[in-house]
Amino acid sequence: MAPIPKEEHILATTSACPGCSSSLSLRYILKASGPDTVLVIPASCTSVIQGMYPHTAVQVPVYNIAFAAAASCASGMSAALRRAGRGTRVIVYAGDGGTVDIGLQALSGALERETDFLYICFDNEAYGNTGMQRSGSTPLGALTTTTPAGKVHPKKEIDRIVEAHHPPYQATAVSAFPVDLYRKVEKALTFRGPSFIHLLGPCPTGWRFPHGKTIEVGRMAVKTGAWILWERVHGVLAVSAPSKGPLKNPVPLQDYLGMQGRFRGIPPSLVERLQGEIDLRRAEVLREAGEA
Amino acid sequence: MAPIPKEEHILATTSACPGCSSSLSLRYILKASGPDTVLVIPASCTSVIQGMYPHTAVQVPVYNIAFAAAASCASGMSAALRRAGRGTRVIVYAGDGGTVDIGLQALSGALERETDFLYICFDNEAYGNTGMQRSGSTPLGALTTTTPAGKVHPKKEIDRIVEAHHPPYQATAVSAFPVDLYRKVEKALTFRGPSFIHLLGPCPTGWRFPHGKTIEVGRMAVKTGAWILWERVHGVLAVSAPSKGPLKNPVPLQDYLGMQGRFRGIPPSLVERLQGEIDLRRAEVLREAGEA
Amino acid sequence: MTKKRERLAVSRPKKGASGKTGGWRTFRPVIDPEQCNKCGLCSLYCPEGVISEDLEIDLDFCKGCGICAEECPKKAIRMEREER
Amino acid sequence: MTKKRERLAVSRPKKGASGKTGGWRTFRPVIDPEQCNKCGLCSLYCPEGVISEDLEIDLDFCKGCGICAEECPKKAIRMEREER
Amino acid sequence: MFEIRIHSRGGQGGVTAARLIALAAFRDGKHATATPFYGAERRGAPIIAFARIDEDPIRIYSQVQNPDLVVVLDRTLVPVVKVLKGLKPHGAVLVNSGHAVTLDHQRVHHVDLTGIALAEDLVIAGEPVLDTPVLGAIARLGVISLESATKAIAEMFQDPRNVTAAERAYRELVL
Amino acid sequence: MFEIRIHSRGGQGGVTAARLIALAAFRDGKHATATPFYGAERRGAPIIAFARIDEDPIRIYSQVQNPDLVVVLDRTLVPVVKVLKGLKPHGAVLVNSGHAVTLDHQRVHHVDLTGIALAEDLVIAGEPVLDTPVLGAIARLGVISLESATKAIAEMFQDPRNVTAAERAYRELVL
Amino acid sequence: MKIIATGNYAVAEAVKQAAPWVIAAYPITPQTEIVERIAQFVTRGELACDYIPVESEHSAMAACIGASAAGVRTFTATSSQGLLYMHELLHWAAGARLPVVMANVNRAVGPPWNVWADHTDALSQRDTGWLQVYAATAQEAYDTTLMAFRIAEDERVLLPVMVNLDGFLLSHTMQDLATLEPGSFIPPLHLPHAIDTAHPAAYAPLTGPKDYYRFRWEMERSMRDAKRVIAETEEDFAARFGRRYGMTTEYRCEDADVLVIAMGTLAKEAEVAVDRLREEGTRAGVLRIRWFRPFPKLDLAGREVVVIDRDYSFGFGGVLAHSLCSTARAEPYSVIAGLGGQEVTHGDIASFVRDRRPGEEHWFGVKADV
Amino acid sequence: MKIIATGNYAVAEAVKQAAPWVIAAYPITPQTEIVERIAQFVTRGELACDYIPVESEHSAMAACIGASAAGVRTFTATSSQGLLYMHELLHWAAGARLPVVMANVNRAVGPPWNVWADHTDALSQRDTGWLQVYAATAQEAYDTTLMAFRIAEDERVLLPVMVNLDGFLLSHTMQDLATLEPGSFIPPLHLPHAIDTAHPAAYAPLTGPKDYYRFRWEMERSMRDAKRVIAETEEDFAARFGRRYGMTTEYRCEDADVLVIAMGTLAKEAEVAVDRLREEGTRAGVLRIRWFRPFPKLDLAGREVVVIDRDYSFGFGGVLAHSLCSTARAEPYSVIAGLGGQEVTHGDIASFVRDRRPGEEHWFGVKADV
């Protein structure tokens, strides 16, 4: 495998919170896609962390667009670029709210009509930009400003929804494994048609952990199996290296929840339910990957 | 099982095309739900076939609403009725376009937040009300006014998308088996929370077959396995009676396609591809139902 | 007495809300009582619900779609050209 | 020469686009070269990309998040309170 | 200006008939417009369409008030809709019917367009197509030339049976 | 009218500080307003907030032009932002700093709010909380009463360490 | 109770008093605090209502429509892009004659992104059939929100009401607030056309050209009746609680030769400008437009007028200025100022008055030679 | 070529001539034929373009925005609810300075459902920064669509253009149409701010109060410049193809004492009314407003004016009438007619003129005592 390019396409630096995993992820995503890339950004933390007029930290074109419109905007842009004979990569980098809630319809449409683009959902499991309200992607039990007693609905399964559209390439990632992320973006971009990467993005501000712990929290998500790293190429699932061990020998979920203020006070029964769901998911993935 | 009530809640008659399977389906849906029901109807054939101001053929309240808004409107309505202590059934009866395309986001949201309602997607596989343009639910290869050479993208798998939201009850139906439809509506309404019925609706006008053939076309969809009747209760799939035989011994897909003008001229390679996909789906269903 | 103010468009249920849709049939179904076995399938499948339990067809609203004729297991229904 | 007409808001890439974000750290990372084994993990994980290959930290833009210190396998990075 | 009003049901082709009239008139070297008045495109609902023919450009978009010719593609509309409304005293009525129709008007003509369509097997989704045959009958009434009528039909439809049907209606019209 | 401008960074509590001032002044029986000027709620960006205190209802919504008091919660802003802009000649400056700060102005006071916050373990997501301690320092300057200041803090925060920190800042302010 | 609150908190408090049964809302800066506060009230059991966490504003309004149609009181709040995303359903709620109450925190519309005060968001919804009112203080936001429920739900009105407050300037400014125990101020909602399975009907069916216009006229008729209902409601409110607002509020207008006309906080700031202008010898006054829909009938005869628009209709002009032109035959000096939170001080307003050029339009901050 | 075509087909033919590279559209009555025709052209290879079958109008406009931002020509078409559902992105396309061209087939907005002609859909988008033009014949729809591309793409404009045609009345009426081989009439698109990975930039970033208003002013400035560009384009079109339209078109206005002012087909129908009125001895004329944004500067001095609005802004009045009031100081007889396809004949229009009551508003068909 070729080494990761030294070149940075994010100039020091974004205006993200200290320890933001989005800042970190963007570095590796752009390393993988290179300078002939357009980022399409719906309303999200990224609208802000790119920098305010008249300057930006991002060294590729950034097309900011209304909250619900990222995937459809990218559809048009990709079609135009291809017709103009250009191979420019079109990457949507959207938040979880912009993906599983208000942006879902546009995403589904773009997948259905086989838009040639990469859609990355940066999932910090809440509406970060507006101060951490619940999103469809917020996990059961998590405290947000609109679920002050913990969320009562489970996290929406966007991966299954996307899977139902059969994109040629689909993967999960987390900022704590930037090399894995890099390789997945690189690979996604080799496919013609839509690819989708669901990127878990630990958020010190919203998840309420010290900003030095961003990597550790992400790693713990993988260790507990709360987040499983995999890729699905033309429908065939393969577990990614960092998740192989944890899938067989996960650490208890509480080790992950306990690191985060947003799960403070979560009742043991809920932890058990969450743990149960994770165990199920793990078994499913193992079965599907033919490793059970 | 109790007999199907004699009482009709559709007065003779809707302004639907002769032989319309929606007209037929509505009869049995309302027989199952009874008079304490509200139908929420987004823009669709049903907006028109209910009758024009100042008269309607429908004997329960019909709440007409903008195209993209059926599920969310029903969310609010259901919440209000429950808070007012009323058990009135809230049934969304939407077209495929209003479900898999422009209404998908609202549907996903309503499912996620566990709205207490029944959502029925009447799937005539195109935008019927505006004269048969392609929808996400139009099958690969079908002629519509916007796919004059046949659709190039496969039918969106709304059932898988809905399944990813884990509603307590989910089922498929087709107007050709009105008793099966009736039982499913009846059962769906016993669950608290969201249920979803995907109703295939042969459409003589759009599919281009003689209007006397509506039942036969629907039956042939089942016989070929192009349409599989099943229900999923709390995640557990069971094949419905009419599909049991065909799942094991289906007739060739061409017998179904050949009845319909919209598949005229479809190349044999495409028929093969469609047949292949159906065979896969059949195998999947059999496996999941534990009957493989 | 003044008519109640109609603030918004609201339709009321009415038989024949869409007119006598039966008027524009090209063919009309005719049941042959000789052949009929009273299975009721025609009534089950009639989209307009215009075949009563005792197999009377309400010709004001029958649209002449022919489903009943197609589905009758005894071929007891004939579609006759409307003479106008 | 007149300035080119700015029809719409367009930002240009610039180092320090968001200001010297390093200015408002509470703690600053200090690498102890004695303990460091040059594994480069701190640089890999630094969200701001301000640790160069030869392990220089650009303190103008380091936000003092402490990830480098947390992730250093040799515990070679100390977070020191900024004195102001 | 010569004004035509066509009464039909959704799916019977009244709108297309009006368009064919306009096209034929245009091929005759006149100015012409064809305007449908219909709503949602459901089969069976009563529909009106208008055609206007004139030497000068036509500026009127509102409905024809006083037609020179009324065409009734569906006899069952007669008791439901006021088909004679506004008809000029010397205007004509053309009814799709196999036999003479009694209407409170002098010039009433009939022709069995449905029969012609069925005979020519011009049927879509079980319904006979009336829009092309009627053009022949209208040509017979002298509103457009038969030549332009068949030309117009050929421009809009590939199936030659449409022209045959029109010619048959031209012949079979009972004046 | 007494006008205050607070300079801080997103996440340091400048906006809350202004609100606490207004609340305390209100508890002192005055009219008061607190207005933030900030954008997207990202940590680290320079933020301004204003507070106004008066005997009469306050009708001004625009930014404070000529503050009577400038509060600088983040010393690193001094080279970046014109903190003295418009300051009244006899106005005061309060800087969060452990040692004296040289500014081109007469009345400059300092107190190590960050130190106090860290010592009291008032830290959120790794960042020291400054909004409650600063209230003590402002009370010390006579803008609000200490009693109302602690009352305001207690109304808005449950953790008693906030009051402790404010009292400590009251004592430790270097005049 | 006397508390101190931002405009957002004031709205949330008013909503708590009005006690809607269904609230559906989606967060957006600078409205978020309203939503968050309400979520808190509901969680703590202070407000017995279904708070529906929708996935978009289009769905927020749809849910309010569905709930309101069932006959229960509803509320939502939004701002800027969120309001624009609802647009189709704003028309719908009004046409369906549903008394939904919404707080809109005025913010600029993109692109580019800008989260600060601007009235273009709300004003570009002025044809949707909603009543619109603009508040200028937290107290007014509170009082007006309460009155909005009563006005919307009045049988003579039955149209939705949008209560506007300037983003940040009002939504985030803390001020004194007296909350009420309004008791019977808002009577229980009785929606005559609530869905009722005992009396089935189809709502909003396909309606032909012969009938449609009549229902449009009904909307307009109710808008006209709303003026009376507003007056009565404001009167009753003043009688009970001592605070009086009106379709417009006046400040030193009686003897004024020149009027500053504006909406929201700018008009409040203008009072300070007027005080200063009077000191200079200019007899100025402030006419603050509160209710923008229905639009008030004003008599401006014999006065000069300076209109400040925090909005713009491209290819035309300031919406407020033109509305006044066409209804009150004014020839105003039209100032476009405060867009996207542009800073406008009382000093600036005073200079608008000093430099007024009747009949002309002036973009504050734009240099002629740009 | 001389053919016969509906307004919809005329638009589709013009689009074929203009040859955009990306078209994204969603069907809606009465616009569907445009979409279906274009799909046919593309399938048959008569138009080399990506036709993106989007899942909603919001996405249609988003796709046009994305494609246009990449520097290629784009087109979409919609109507009524579809237009309303795009609303947020109408603002976006204009603010992003993208020369998208859209055909809007004017139709009433719900509820209740009504699919017939009404201008409220388009007029309630008049603040979005789009140029708006209303055609009255199929030929004009064709010619104007072609001109729209050139005007939108002119460097002095770079704003989107909406071409409006009355639902059914124009969209479905077949008329004569002369299509062109326009050759160089529309120069190739050169978008100065097209995204370019060789010159990276962030578009529409968060922009503070100090800067935002400047970009709003730029939009207005281009709207003003657009008047010149429209004039030039129409002039060039007339010179080449012999058909002349203008910001407004006049019929027998020279010596008229009373003007009927309207848009779209109603204004065409009014010509017949005027002929009749002249026969009766009334010196009437028709002033047809074509370009509604930018709004034309008119001199109506000394004439009586009857304005017909096929639209309404509730709680205010007819949009066209008020626009004329405020810009041309007219005191019109404001007639609200044709809503939701309400039938309005030349006879009706003549009687509006005969019964005119300057300064008053009249709802056609509404009985005073209702």
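So that you can tell them apart, the chains are marked A, B, C, D, E, F, G and H in the order they are listed, and the count of residues begins at 1 in each.
The criterion applied here is as follows: a contact is a pair of C-beta atoms (placed from the backbone, for glycine too) under 8 Å apart; a residue touches a chain by one contact, two chains touch by 3 or more.
All figures in this text were calculated on a predicted structure; none of them were measured in a lab.
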item	value
Steps needed, at fewest, to go from chain C to chain G via touching chains	1
Shortest contact path, chain F to chain G, counted in steps	1
Greatest separation from chain A - chain, by CA centre	E
Contact-richer chain pair [D-G vs A-F]	A-F
Whole-Å separation of chain centres (CA-atom averages), chain E against chain H	33
Distance from chain F to chain B - Cα centre to Cα centre, in angstrom	62
Mean-CA-position distance for chain E and chain C (Å)	29
Inter-chain centre distance, chain B versus chain G - centres from mean C-alpha coordinates, in Å	42
Contacts with two or more other chains, residues of chain A listed in rising order	15-16, 18-19, 47-54, 56, 58-59, 62, 64, 66, 68, 101-102, 104-105, 108-109, 112-113, 129-131, 136, 204, 210-212
Two or more partner chains touched - positions in chain F	39-41, 44-45, 126
Sequence positions of chain H contacting 2 or more other chains	29, 53, 55-56, 81, 85, 88, 92, 95-96, 110-113, 115-116, 200-208, 211-212, 214-215, 343
List of chain B residues in touch with chain H within their complex	43, 47, 53, 64, 66-68, 101-102, 104, 127, 129-131, 133-134, 136, 145-149
In the complex, chain H residues that touch chain D	95-97, 158, 192-193, 200-205, 207, 211-212, 214-215, 218, 222
Chain A-touching residues of chain D, taken from the complex the two chains share	9-19, 21, 25, 44-50, 53, 58, 60-61, 63-67, 69-71, 79
Contacting residues of chain C [partner chain E, same complex]	18-21, 23-24, 26, 63, 65-66, 83-84
Complex contact set, residues of chain C against chain G	5-13
